[in-house]
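Which chain is which? They are A, B, C and D, in the order written, and residues in each are numbered from 1.
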Amino acid sequence: MSSETVLDEVEAASAVDRPGGDDRAAGMLGRFQQVRSFSQSLCATLEPEDYVVQSMPDVSPTKWHLAHTSWFFETFILKVWMPGYQPEVPEYAYLFNSYYNAAGDMHRRDLRGLISRPTVAEAYRFRRSIDQHVQELLESADHELIDTLEPVFTIGLQHEQQHQELLVTDIKHVFAQNPLHPIFRERNDRPQRRTIAPCGFVDFEEAIVEIGHGGRGFSYDNEGPRHRALVGAFSLATRPVTNGEYIAFIEDGGYKRPDHWLSLGWTTVNQPASGEWEAPLYWTKRDGNWWNFTLSGMRPVDEAEPVTHVSHFEADAFANWSGARLPTEFEWERAAAGLEIEGNFVDTERFQPAPVEAQPNGKLTRMFGDVWEWTRSAYLPYPGYRAEPGALGEYNGKFMSSQMVLRGGSCATSQNHIRPTYRNFFQPEKRWQFTGIRLARDPR
Amino acid sequence: MSSETVLDEVEAASAVDRPGGDDRAAGMLGRFQQVRSFSQSLCATLEPEDYVVQSMPDVSPTKWHLAHTSWFFETFILKVWMPGYQPEVPEYAYLFNSYYNAAGDMHRRDLRGLISRPTVAEAYRFRRSIDQHVQELLESADHELIDTLEPVFTIGLQHEQQHQELLVTDIKHVFAQNPLHPIFRERNDRPQRRTIAPCGFVDFEEAIVEIGHGGRGFSYDNEGPRHRALVGAFSLATRPVTNGEYIAFIEDGGYKRPDHWLSLGWTTVNQPASGEWEAPLYWTKRDGNWWNFTLSGMRPVDEAEPVTHVSHFEADAFANWSGARLPTEFEWERAAAGLEIEGNFVDTERFQPAPVEAQPNGKLTRMFGDVWEWTRSAYLPYPGYRAEPGALGEYNGKFMSSQMVLRGGSCATSQNHIRPTYRNFFQPEKRWQFTGIRLARDPR
Amino acid sequence: MSSETVLDEVEAASAVDRPGGDDRAAGMLGRFQQVRSFSQSLCATLEPEDYVVQSMPDVSPTKWHLAHTSWFFETFILKVWMPGYQPEVPEYAYLFNSYYNAAGDMHRRDLRGLISRPTVAEAYRFRRSIDQHVQELLESADHELIDTLEPVFTIGLQHEQQHQELLVTDIKHVFAQNPLHPIFRERNDRPQRRTIAPCGFVDFEEAIVEIGHGGRGFSYDNEGPRHRALVGAFSLATRPVTNGEYIAFIEDGGYKRPDHWLSLGWTTVNQPASGEWEAPLYWTKRDGNWWNFTLSGMRPVDEAEPVTHVSHFEADAFANWSGARLPTEFEWERAAAGLEIEGNFVDTERFQPAPVEAQPNGKLTRMFGDVWEWTRSAYLPYPGYRAEPGALGEYNGKFMSSQMVLRGGSCATSQNHIRPTYRNFFQPEKRWQFTGIRLARDPR
Amino acid sequence: MSSETVLDEVEAASAVDRPGGDDRAAGMLGRFQQVRSFSQSLCATLEPEDYVVQSMPDVSPTKWHLAHTSWFFETFILKVWMPGYQPEVPEYAYLFNSYYNAAGDMHRRDLRGLISRPTVAEAYRFRRSIDQHVQELLESADHELIDTLEPVFTIGLQHEQQHQELLVTDIKHVFAQNPLHPIFRERNDRPQRRTIAPCGFVDFEEAIVEIGHGGRGFSYDNEGPRHRALVGAFSLATRPVTNGEYIAFIEDGGYKRPDHWLSLGWTTVNQPASGEWEAPLYWTKRDGNWWNFTLSGMRPVDEAEPVTHVSHFEADAFANWSGARLPTEFEWERAAAGLEIEGNFVDTERFQPAPVEAQPNGKLTRMFGDVWEWTRSAYLPYPGYRAEPGALGEYNGKFMSSQMVLRGGSCATSQNHIRPTYRNFFQPEKRWQFTGIRLARDPR
């Protein structure tokens, strides 16, 4: 995931009507403290040792997430606008840069787990130091500086929310490597047998629609420019695919029949290096029953939960098997346009998709939260898109190759982070995020 | 590249008016003999040893191309419709299947170069046997059988033309590994200093256009269904980027500055395994001057020729550097819609892009032939696309992942093989095809 | 490194004269507590995060060493001889088995760094539990049980000493990955300019000598059977090669001239994956001077110290360059036979070879401690050697392939662990141990 | 395999008594023509395509063997001693140098199969040109030049014989990749059921013996210096292990029980990359019976033949399983010292080990020919060995690392190439040579 603000023009134009620097600064500080402290509260159950491990190159150590999000404020705010700011540990600029070539050299991503120092305590000390400096800066800033700071500051907060999601999915992957099955959050409920009504579909007519972010409030640069697009008629499933439905796919030989799969997917499924997939990531069969590793430990698979930890390849194969397809991101955005942003987000601290309940059909449900929904759209620039110059221009644009768009957020996303226009993106073989499936259909 | 015919409905409807089985069969046989013999004429200068080598997994031995294209007719025509047909060497079904899971098991692609038998002479014998059987079948077929055969037969010919292009680009890669620099076709002209006018641009207004194949004649299934799309205003360069322009990019540090590159491109350029790219494939610097390996041996780079053997990553970086971008495949198709299909094709047997001449601007030139033009569009299904069941349904659809679309054909493409709607596709890092760059721009 | 006791037969025969169970048990307990507490004292400066990291497959996390050495006593002593012993965490049997197939399945070696739990505190708790149980067992054991226990118990202590050495060299490798250059032990002295006399040689005549362990006291099974061998005349250097001498080799193009190198060595030196060696491991050049990373941080290379962290390939190339060769392990053992075991061991807690002083020639010095000395002998079984059945038979014998013998111990070895007959062994490309060079010569 | 002559001093001293230049030159020319033409006769059944393929990095294309052995005479004889000699194709110096750094740069070994030119016809033309020049040189050489030439000339012939063996084993590996199972030499006999007497053992007492070459005639430098060694008492099997005996090992779970195996062997056996070995190379099970690919095609395993295509790891595991061990190379040489050099060599053109017949025990049989016998000795320099300076010094010495010694020659070795002192060497995991097993035992 990544970023550059498209400042709301209306908002910019009406700066005279906005609260004075003091009030706005106070608001910004409040949001800052809320987001920053949530990062730390996510770590409540972690031991220092847990913060260190990088279980695969895609995963970063918890410690690294905490430090990198602080580095972001240091690099793009404090070093730029705070007079006389001196970093306590200059090497952090190298250690905690992720991928911003314009911000200098960086430590190799796949080696992040080899760095035991700074310790967790030192990483928290770094956070506190950044927090204090940001607070000082905001409290002493005049109107003009606040105007200047705000866009980058907002990106900093959005960026930290993205890393909160990664922190959760990364520690899940770390814990999953451990035969002791550590528990991130205790949970005492057990799966219940529920009867789930078959999935319905909602129909949409062909239309020329506006795609991309255009209103008030923050968005990433990759959500714009807002532009018109012709979206043909389609139908969209009322809810995500469940574990129960996915088990039917498995039991029907879904992983054994090449005709369901993209060629690259079939290769991936059968690659010894990927352990020859036969189910979603984290699933294991014990005495004929499927169990999965969750952030609350090893538990029986709940058939009513939306299936998650599937790759784009699996999502596409499932869709083919079921006679449907994945939606495009434009179809998804059109369908989501007017919907309320509500659902099972990280704010619930369930850290797992919630079971689907019986429901009246004819209505889209769970478009937000639970699982990121794979689309059949490649992650590409919108017409007229151009990355900004400078380091923050690297946030999104340079990743527009060989990835697929996902929409709607997950049980590890913050509720106030997601939007109908939000474009997440991953390579089609990735499975460690909370990724799932919503089906679409061509008109009959 | 890949296939399933969308039969021209008009043609199908008017079957009654068409020449009788005899005449149509004769026409088919004529086309068959023309295409089949061209495959062999391409090999005129090859020694038996040249037919064997596979210089990388993407490359197939010449011998394999000759046999695989014959296997195609054997598998999808003779075994299906010729009563009593018995393959002389049953193992060929395994050795010469490329990727059709529905047609049975197959030999591993990356091991094709380890198979010295059948010899070249045996491969030609196999071709002759297939040719004779096909001739017999056509000559004895009634109207009804001709109707049934024709679509698959046509795919067989189109398929062979695709392999003719691969044969040419593959043998170039094979010869390029050899310090002796073998020559595929002698050529005696030398590059001349020419003054090339700067590239102009042609402007297009926003419009709803029809995309995809819809008229008479053959097309692959991935060119349909024909559908309406909203294409915004854009400008398209009047000609491809030249070697001279590309050298300016290199000399301006184009390969050294990450800000021009997609993230994955930057990784690829700097990968020791890819030899740390600093120029197009086949280029080498001698005493300060660029030379390139061509099918006519090692020659000085001609600054007036369209640059070729660049990856999508390089095409994209060049476009960024020059303040432009690559066109979408829809922009390209719209611009190409009414143009004559003429240019430098394999039919000229130059096997190298031809120098750009001085030209009046304001007109698109060289849209066809010379070099495949990378677009910024990912290779994805058109709305309503659905792969056919069966082996031939594997031709195109299963490759719709992680590849980019190229348009227009190259100096290794047959002139009667290309169309404005033709979609070629390769992974963004591939360079061994005759791939080049045409720039596009957003409206000012 | 590895183990099986060859019990001293004389000692066994005279059991009647030995102190009673009580006294012997008390002696064993004393040695046990001394060795066990030294393991922990080595970790005095470590933070919990440091215990977790595995910087390459050869390296194990500190935490793992502490737990594995405890697992050894649990598996081979407590589970066998302590009635009613119940492991608190049964999964430890899997997590902390290193390579004993006969003791059950084990966790993959290269994944040891992905296991954040048990925490460091839990690992210490495991140690304490094992310590208490062993103490109980010893205190309650009768003569007969003591007789039975003692050989395995002794191996357990020797085994732990080997892991102490690995713990030190492993944490050095871990810290070396960190751009912050963490310090394991503070040290305030600086290298001094010393004039070092050229190395002398001591001559030995051809003789039939006894090779292998034969006297009282503990030895590993790979040191026997003691047997006669014909050792031809040779000369052995009076001291190890110094950093200063090694720099002369580097500056003479030692790493650039293939004629000095074994073929496999030359390949290794030039492998991109090994970073193209141009100096010993941990060396780096800053402004024309060599620095090296030590357990006391980044320091200028001291020219008087024995060179260390060189592979067998480098040792062999250096010897070729200097017109000498490496000694065989039999030459080394013969020369070391009567010498006092004294030198710079882990007991000094210098954790770095000590500078060579001016010295009278004609005498072998520093045969023990400082650096393990590569021999030109492959690690092979002695005549009549046969691994014991059972898990402890896996200690040494199964590694007798593709490794070279090293002799004499290092600055990370315990003084009471080493013997003239002690055979250490590593693959010829390994460099992370304190390995160095002593030259030998054929008679003139 | 590799080389530097240790010239027989007696022979050198008595040069005056030897036949004049003419006669000696004629003798040399005769041997030259015999060896050179045998290389070509080995290729009698090959098609040009067969000469090109390199089926793994260890294998060289047939064409390369023919050219490289010619390059050897060109480089070390013609370019040095033939006045005015001009190579026709200077690039051959680069293409056909194998590993002699001192002779200039060389083409990468693992890329030899990518070079289709020179063609087979051109390679033969190169051979003829070299043959003619060598003939001219010999015919015009005076006594003195003959004296100078002879040692290098002899190495050239020995070298070519080594490549004849590699040519045979390499083409076997090439053909084995082909599902069509090409046949190198027709053979019509079928395996017969024979009763094979159990293997006996011959006992040897401890002795000080002379090891290494010391008499008249050619030997490689690695066979010297001749030196005294103490060889303890041992017993040696009267014949190699048969396929029948090896099948008993397989059926007893030999490949499934880690306790038989060296650690590195166990890893190799279970490596997915090596296809998880469960039998010798080229064996396959059909309907419960073992078949193996031979140079005469796919045939049932003959239980009476010596087992071949086993690695050192398998030889060692088999020996452990059977309660014996492999001999050292010194034991082997001692036992072979007085024996006649007779057996199943390449001269028989069987290209496969011959079945063991019933035989009186108490006598060593088949010490030469059939299969190279793995020893438990690492390939290391003899005391006093020192590689010559210059390119020919690279022949043997630089490979003395991480390889094991084999003795006795195989069914692909020339009878006049082998000696009791001959040391062949390969890495312990290699299987594509005709390698087999002879057991040894410690005295009871």
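Here is the rule we use: a contact is a pair of C-beta atoms (placed from the backbone, for glycine too) under 8 Å apart; a residue touches a chain by one contact, two chains touch by 3 or more.
Keep in mind it's a predicted model, so treat the numbers as computed, not measured.
Chains that touch both subunit A and subunit C: there are none. Common neighbours of subunit A and subunit B (chains touching each): not present. The distance from the centre of subunit B to the centre of subunit C, each centre being the mean of the chain's C-alpha atoms, comes to 60 Å. Centre-to-centre, using mean CA coordinates, subunit C is 38 Å away from subunit D. Computed from the mean C-alpha positions, the centre of subunit B lies at a distance of 48 Å from the centre of subunit D. Contact with two or more other chains is made by no residue of subunit D.
Listed by chain label, the pairs that touch are A-B, A-C, B-D, C-D.
The touching residues of subunit C, when paired with subunit D in their complex, are 99, 101-102, 208, 227-230, 232, 258-259, 261-266, 312-313, 316, 376-378, 380-381, 383-384, 389, 393-394, 398-402, 428, 442.
Against subunit A, the residues of subunit C that register as touching in their complex are 47-53, 55, 63, 89, 91, 94-95, 107, 111, 113-120, 174-175, 177-180, 182.
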